[in-house]
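We just call them A, B, C, D and E in the order they show up, numbering each chain from 1.
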Amino acid sequence: MIEGVSLIEILSLTTILFFIGVYGFLTRTNLIAMLMSLELMINAEAINFVAINKYLSPAIMQGQVFSLFIIALAAAETALALAIILHLFRLTDSIDVKDVEELKY
Amino acid sequence: MNIDTLMLMRDEIFLTAIILLMLIGEILLPIAKKKWLIHIGLLLFLIYTIQSFFPQKTGELFGGSYQTYPLVHFFKAILAVGVLAILLQSVEWIEEELLPYDFTAEFFILLFSSLLGLNFMMSAGDFLMFYLGLELSTMPIIALAAFEFFNRKSIEAGVKFIMLASVSSAILLFGVSLIYATTGSIYFDVIKTNMALPLMEIIGLVMIFAGIGFKISLVPFHFWTADVYEGAPTVISNYLSVISKGAAVFVLMTLLFVTFSTFGAHWDYILYGIAILTMFIGNLFAIRQKNMKRFLAFSSIAQAGFILLALLSHDKMGVQAIVFFLLIYIFSNVAAFGVVHIISLKAHTENMDDYNGLYSTNPRLSWVLMLALFSLAGIPPIAGFFAKFFLYAAAASKGYYILVFIAVINVTISLYYYLLPVRAAFLRRSENPIPKIHTDIYSKISFVAIVIGLLVLGLYSGVFEYISQISNIF
Amino acid sequence: MDILSLFVVVPVLTVIALVFTKKLEQARLVALIGMLIELAMSVNLINKYMNARKAGDKAIMLFQRDIPWFEQFNAHYHIGVDGVSVLMILLTTLIVIAGIFVSWKINYLPKEFFIFLIVLASGVYGFFISLDLFTMFVFYEIAVIPMYLLIGIWGSGPREYAAMKLTLMLMGASALLLVALLGIYFYSATNGMEPTFDLLELANRKMDFAAQKIFYPLAFIGFGAIGALFPFHTWSPDGHASAPTAVSMLHAGVLMKLGGYGIFRFVMYLMPEAALFWQDFFLILAVTGVTYGALAAIQQTDLKYINAYSSVSHLGLVLFALLMINKTAWNGAMLQSLSHGFITALFFALIGMIYGRTHVRDITKMTGMMRIVPMLGVAYVIAALANLGLPGFSGFVAEMNIFVGGFLNTDLYKQALTVLAVSSIVVTAVYMLRLVGRMLFGPTTKIYTNLPHAFWYEKVAIGILVVFITLIGTLPFWWLQFIQDSVNNFIKPLVH
Amino acid sequence: MDTFDYIYLIPLIPLLMFLFLGFTARKIKEPVSGYLGTAGLLAVFILSYYTAYKYFFADGLVDGKYQQIRVMLKEGWIHFTDKLAIDIGIIIDPISVMMLVVVSTVSFMVHIYSLGYMHKDPGFSRFYAYLSLFTFSMLGLVLASNLFMIYIFWELVGVSSYLLIGYYFEKPSAVAASKKAFIVTRFADMFFLIGILMIGYFGQSFDFMTLNSESTISMLNSWIANHQVASFLGLSVITWALILIFIGGMGKSAMFPLHIWLPDAMEGPTPVSALIHAATMVVAGVYLVARLFPMYYHIEGGAALRVVAVVGAFSALFAAIIALTQEDIKRVLAFSTMSQIGYMMMALGVSGFDGYEGLGYMAGMFHLFTHAMFKALLFLVAGAVIHAVHSNFMKDMGGLHKYMPIASWTFLIAALAISGIPPFSGFFSKDEILMAAWEYNKIIWFVGFIVAGMTAFYMFRLYFRIFHHKDTQYEHPPHDAPANMSFSLIFLAVMTMAVGFISFSEYISASLKPFHSHIHWGSPLVIGSIVIALVGIGAAYLMYYKETEYPQKVAAAFGTTYKWAKNKFYVDELYMYVTHKIIFDKVSKPIAWFDRYVIDGFMNLLGVTTLGIANRIKFLQSGRLQDYAMYFVSGVVAIIIIVIYYK
Amino acid sequence: MERVIFYILAFLIIGLALMSITTKKLYRATMYLLFVLVSISGIYFLMEYNFMGAVQLSVYAGGIMVLFIYAVLLTDQIGKPLRDTSWKRKLLAGIISMGAAALSIYAIVTFQGINKTFEPTVTRVEDIGEKLLSYEPGGFVLPFEVISILLLAAMIGAIVIAKAKKLVNQEKN
């Protein structure tokens, strides 16, 4: 619990952060940049869980552990995603999102 | 907690053990003998499948994080059968495409981990387990989707899949966090009692729904489906279309019916609308597909729309209809994808026009394809009809006759495109049809078993009776 | 095994035996044997039925058998027959046998042909014996779907288009039917009773009138489409035109009867109030179909199209008669179903035979066939005369029942509609005689002079059908005794 | 009355003969089938005469009234309702027995005649099969005990007529004629059927005896009187039903305006024309009216009967005018037939009921009887002539008297008979008709009177032009017909001369009670009719005995009228216009088009639209990752908003 | 005081996040992201969840960011300016994101039960460890095990794909 800061403020912050991530994901043209936007979203959630845990049920620690797992998962996800992106780069020499539009209609 | 109670999760334990055994096998076996891994993997999985049919008690472990009851256990068995069938069909593919690069064990490990993830997801008693199961089921399969390394499409499928899957899971997670904020817990039973439906909770629920909808490929969360199915190896598309989707449907069903049951009534028109959208979009897109995998992808989207019909019922009728439908759907789609897979593997084509005259050279495959598609279309006496009928009945039991009406119109549309491959295979005659394909014994077993299943499951009501008995999950 | 289930089991066994055949000779023999067994069973069934009735068995349905199928849904495999179904079974058997003879020399994928044909037949048999809406629907769809393959694989002309159209329209209609079935099912759960699909049980429960009003048209159109109800008939010209001979026969001869039969057996019986409510609306459609089909037939030059529109007209009479809601008309409807079954099967058999020889179906392109293939010519004339309702043949007795029945309505408006329907007999004469005059009579076309005469198997097929057309036409009372049994029971909810 | 139990054999024998000959048509060769058929007819002939004898002289008359005897063969052949049913039964009463005699006589003669006429025809056996079928149907028709049965045989007669007209089925004109005959009569039959339905609905029976019974008629009349039944144009529905039934009879009996098929029907072999289109089938309409005569007479004061009279008179005049101008001998005879049937109709129409008042009825039947004989004879002679000359047209004939004396003499007898010259049979029947008409209405009498003169004129025009007129040179000198053909001619000639002396009223009357009638030789009516006939004959003699200029002059004098008459007043053309230009082109064609392009088009449109939508929305699946994500997120937002909105 | 720090951090997070998603240089974006992540760890510390903060710093800022940087380097994207996307997409994405954010914030602000206060507690590392290994109610040993398999699977997946790269290279040569 942060003195003088309500949960609403924290949640608002994370919401903004989350949707900044969404916005980034929707507008970046580069796969790695999109992945970074994704990180913003995941981070927002991590804060959420921690903050809610802290404010609402500090004794139970569910949120905090959840956040830990989120971070671990984010790491795994990022690793896998980057591996694939890099592989794509090998094949096509590009990581621009417009180069993964072959499958359509 | 002791061994007895731990055995409540024997499916997962068993599967973990197989994963580890495969890992050990991968490390210990010399390169020349890696072929053994296929058989070992199959054998182990066969044992797993068989054991999964032994009944399981109701119970929970780890303070409610893990829950099991007969229905979920039975469903795991269904998934196991589905995966086994897929594996049997993919032996030749593994031998040809993976073995030379020594990715056999990896394939098995990834596939099994994904199944393990699904199992955990279905058995989850809290959102953490649910989320982990979801991720565990998705991530290996993403890797597998990108497994045809030289195929640009496969990689593209992988990229699209992981990016969209990550977004969807991020959104789902945000929803979970909102629910956590309002109910103060991540445990389903606590959430159920604490639900008061403020706006925040609704937003959270919608986001969770979107996350699961992504896996079921409900409109408008379905866009990845076709692209990924087309790009991914057929085996993986098959897995995604039946196993992954089936488990997700099951989870959505338990969440809606049990955990969020207080929310039920407010939810119906959303399901109503999404069901209509999903059926129409799936059908309308499927109509014009020439690529068989893409075709089946859209067909599977449409099928998801039908499932939603039964979700509207909120009672046992819906549960049994959905589980039975999924069982039949798994059989049908595995067969359809299996044929596509074998033809793609042997004749290197996925184009529907190349199927012209298939019957003249490959009558048996054509028959399997026809039966599978008829089952998907819901034509008696093939099991698919009964499955669909129960879905309609579930919706109609709550008075949604108009929805059923729309659904049957969609069935008519879907019949059109399901008949297209049949037309190509049976009606059309071709100068140079796909040459005679010799399938290995595994595929044959798989197809024979599926065909028998398709013919028997509908006419013989025992399976449905059993499902009905264990369907009381409320 | 009860004698009714065997009607489904024997075809299934035949199909299984067919799977193991290799050549045409084996396939047709197996199919024929299977169907001859079926014929023996049909005759036996008629015999048993008559004995049972003679012995004073007054049950609505005889030889009932009720096995729970999906108990959760209270869906049963409930079978039983009454007079109409017995006759329909006989009709089916005879037409399938005739169809097998007509297809005696089919050379492209013979095994598969007979398999699909007999699967279709098994569906039809099942439909006629089922007393449970669920079972009925299952068999109904089994009967419809092989059509796609039969037309698509062995058809001619735009076969893919025709097969697809036929399948989609019929399945679309059956979709409506499905909704209606579910409606009937769930609305039967009054007073806390378990909902049921059982026909006899449903008849005891009174369905809510408001619900009836909604579901009746769905069910009527669902069945009506396969019975060529205007304006849902357009699958039939194209479908018939493209279908191979035996399939046209079976389709027009039997499958299209499912519509009228279903309306008679299920739709009107279960929703009597709505039947009266919607009577006028559907009557107008039916009468339109009758005259419209006949008038449209005049313009056709393709033999099969002529016959298809003729079927629209004649089956329109079946629906018309059913909608008149009195015993006489209903007797006529059922008799017309039988009669049209035989006549139209004969037509299609002959068209197939002629087409097989000339490879032309356009009546402007061949003349004087009577001289070239006298046997077929004579049979065609007989079919034409029977079709235009000549006494002595089946069409007459059926139509007379219908017209008299229509006229027995005290309602002047219905009598006027009957007059309109009667006018179709003239138009029928016009197009039938025009056809006969153009194709059979006149100077012979040179290029066709050396065509072979009818083969023995063709004669057998023709013979079977002609004999039964005449039998109905000359001994209507024998056939009507079966029909009346059934009609008397099933009209009860509708007339007070 | 079990003594009439054998009666079913009369129609049955020809039926069996038809089936036998039909099935073996291609196995049995020429003379055998002919002999078989003739033998069968001989049996029928004998049975019929035996029946006639038995009925009229032994069993029929009970208490001064002829009995109507019904022999039931199958009760409830079809049960419509408890009351309404089609029973298969035979009615024996004066007119049916008389018709039996007519049919069996003419048919037997035609059978014998055809042995020679159809000699060496490839379809010989088929011809005899058809003849047997026709005979069966006609016998069935006359014996039918109820309306529906009569309708059944009505249709069967129609179809045998169709088959026989189209006997030379490789000749397009014959095919067209047969089709026309069938369709026109079928059109009339439709009205007949509707009439039957209406009568059945109101009278609650189809049986003649029930319908004609006083109780039924009085019941119906009381309904009409009490306005319990609907009426239309001032006439009650029941009268309309009778008129509809009469329309059916008009079709078969070639009454104006449904006569157009009859001239064309001459495309059939001439024996057929003699049998069907002169003597038997065409009088079925007359027979039908006679059958229901009590109803016609009593219902609503005989309103329907007036229609019969007017139509009959008009048809008689109309056909006679046309007959004056025709060149084809068979067509002349055809129009003559039509005219004479008009006469019979007229006779029925003007008739009363009881006793002498029923003279018209008796005369009509009498005329039917005599006409059958002499008209059959005329046709058979015409057939012999055509056979000899190989042409139907008068211009190819002339001076045949010396080549074919038998034909000439028999023709002359028949012509005198039809002209109404005593003592030939036609005189008696015709005279009684005119007498009845005189008492009914003078205009109708006048029409009949004029027609009598015309008849005499055109018959002798025919006679002179065929047998005298000019000396035509023939490639093959014609000679008289062979013995079997000549036998028929002579037999019928004898009959023609003899039957006039039967006192018909002793046997046949509307009320079934015999009465006495005789010719008042001195009355102006009788003299007038003989005079007009002689005038007609004389005119014909002047104009045609030798080649003269008169015919052209007369034709020129009549100008347009002549042209119209020669072209049969363009009725055919009118029909063609109505059927082809209006029904086919303006109704049927649009319907066929509508079906293909609107209804079917709509179904196809559904399919095309679905495919079109599918193609239109394919952009959604753009393949762009971020589009997908966008849809995803907007989907979530949209759902949230909807939930909030609806909550 | 904490409030001030929180707001500073919040502004940093939002500002840097915005810069991270708008900058034209990919490498810079990674740097901004790194700062965001660090700032977030500041929030954790502020909430006295020191372990979380540490994990955030080490795993995220230390681990994941390194992956990103490597990826950027490997794909040769340092100097290249990023392609700009169309204004339509930006507008649409902006509307949707802002709308959704507004909606969510509105939901959060209006939520009634959120202002409950609890007595502050400090979570020690030991507690977390205990919880992670506890199979009692409230324990997280199962997720802990599951995530191990997940990490294994992800690792294998990543390795396989990485290995495939080599194979592709071989194939290319």
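The rule is simple: a contact is a pair of C-beta atoms (placed from the backbone, for glycine too) under 8 Å apart; a residue touches a chain by one contact, two chains touch by 3 or more.
Predicted, not measured: the structure shown is a model, and the values here were computed from it.
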Co-neighbours of chain E and chain C - touch as defined
B, D
Report the chain whose mean Cα position is at the greatest distance from that of chain C.
E
Can you identify the chain nearest the overall CA centroid, using each chain's own CA centroid?
C
Farthest chain from chain B, comparing Cα centres?
D
Ranked by contact pairs, first place goes to A-E
Distance between the centres, which are taken as Cα means, of chain D and chain A, whole angstrom
97
So, what's the distance in Å between the C-alpha centres of chain D and chain C?
37
Interchain centroid distance [CA atoms averaged], chain B/chain D, Å:
77
Distance in whole angstrom between the CA centres of chain D and chain E is 102
So which bits of chain E are touching at least two other chains?
85, 89, 92-93, 96-97, 100, 103-104, 108, 114, 138, 140, 143, 147, 150, 154, 157-158, 161, 164-165, 168
At least two other chains touched by the same residue of chain B: list those residues.
128, 132, 135, 139, 142-143, 146, 149, 158-160, 163, 167, 171, 178, 181, 199, 202-203, 226-227, 416
Residues of chain A whose C-beta touches two or more other chains:
7, 11, 18, 21-22, 25-27, 34-35, 56-57, 60, 62, 65, 69, 73, 76-77, 80, 84-85, 87, 91, 98, 100, 102-104
According to the definition already given, which pairs of chains are in contact?
A-B, A-D, A-E, B-C, B-D, B-E, C-D, D-E
In their shared complex, at which residues does chain E touch chain B?
103-104, 106-108, 110-114, 135-143, 146-147, 149-150, 152-154, 156-161, 163-165, 167-168, 171
Touching chain C in the complex, chain D uses residues 26, 74, 76-81, 84, 86, 148, 151-153, 155-156, 159, 162, 166, 169-170, 172, 174-176, 178-179, 182-183, 186-187, 189-190, 193-194, 197-198, 200-201, 230, 584, 587-589, 591-592, 595, 599-600, 602-604, 607
Which stretch or stretches of chain D touch chain E in the complex?
626, 630, 633-634, 636-637, 640-641
Per the touch rule above, chain A residues touching chain B in the complex are 7, 11, 18, 21-22, 25, 31, 34-35, 38, 41-42, 44-45, 48-49, 52, 56-57, 60, 62-63, 65-66, 69-70, 73, 76-77, 80-81, 84-85, 87-88, 91-92, 100, 102-104
So in the complex, which bits of chain B are touching chain D?
159-160, 163-164, 167-168, 171, 197, 199, 202-203, 206-207, 209-210, 214, 219-221, 223-224, 226-227, 266-267, 269-270, 273-274, 281, 284-285, 287-288, 413, 416
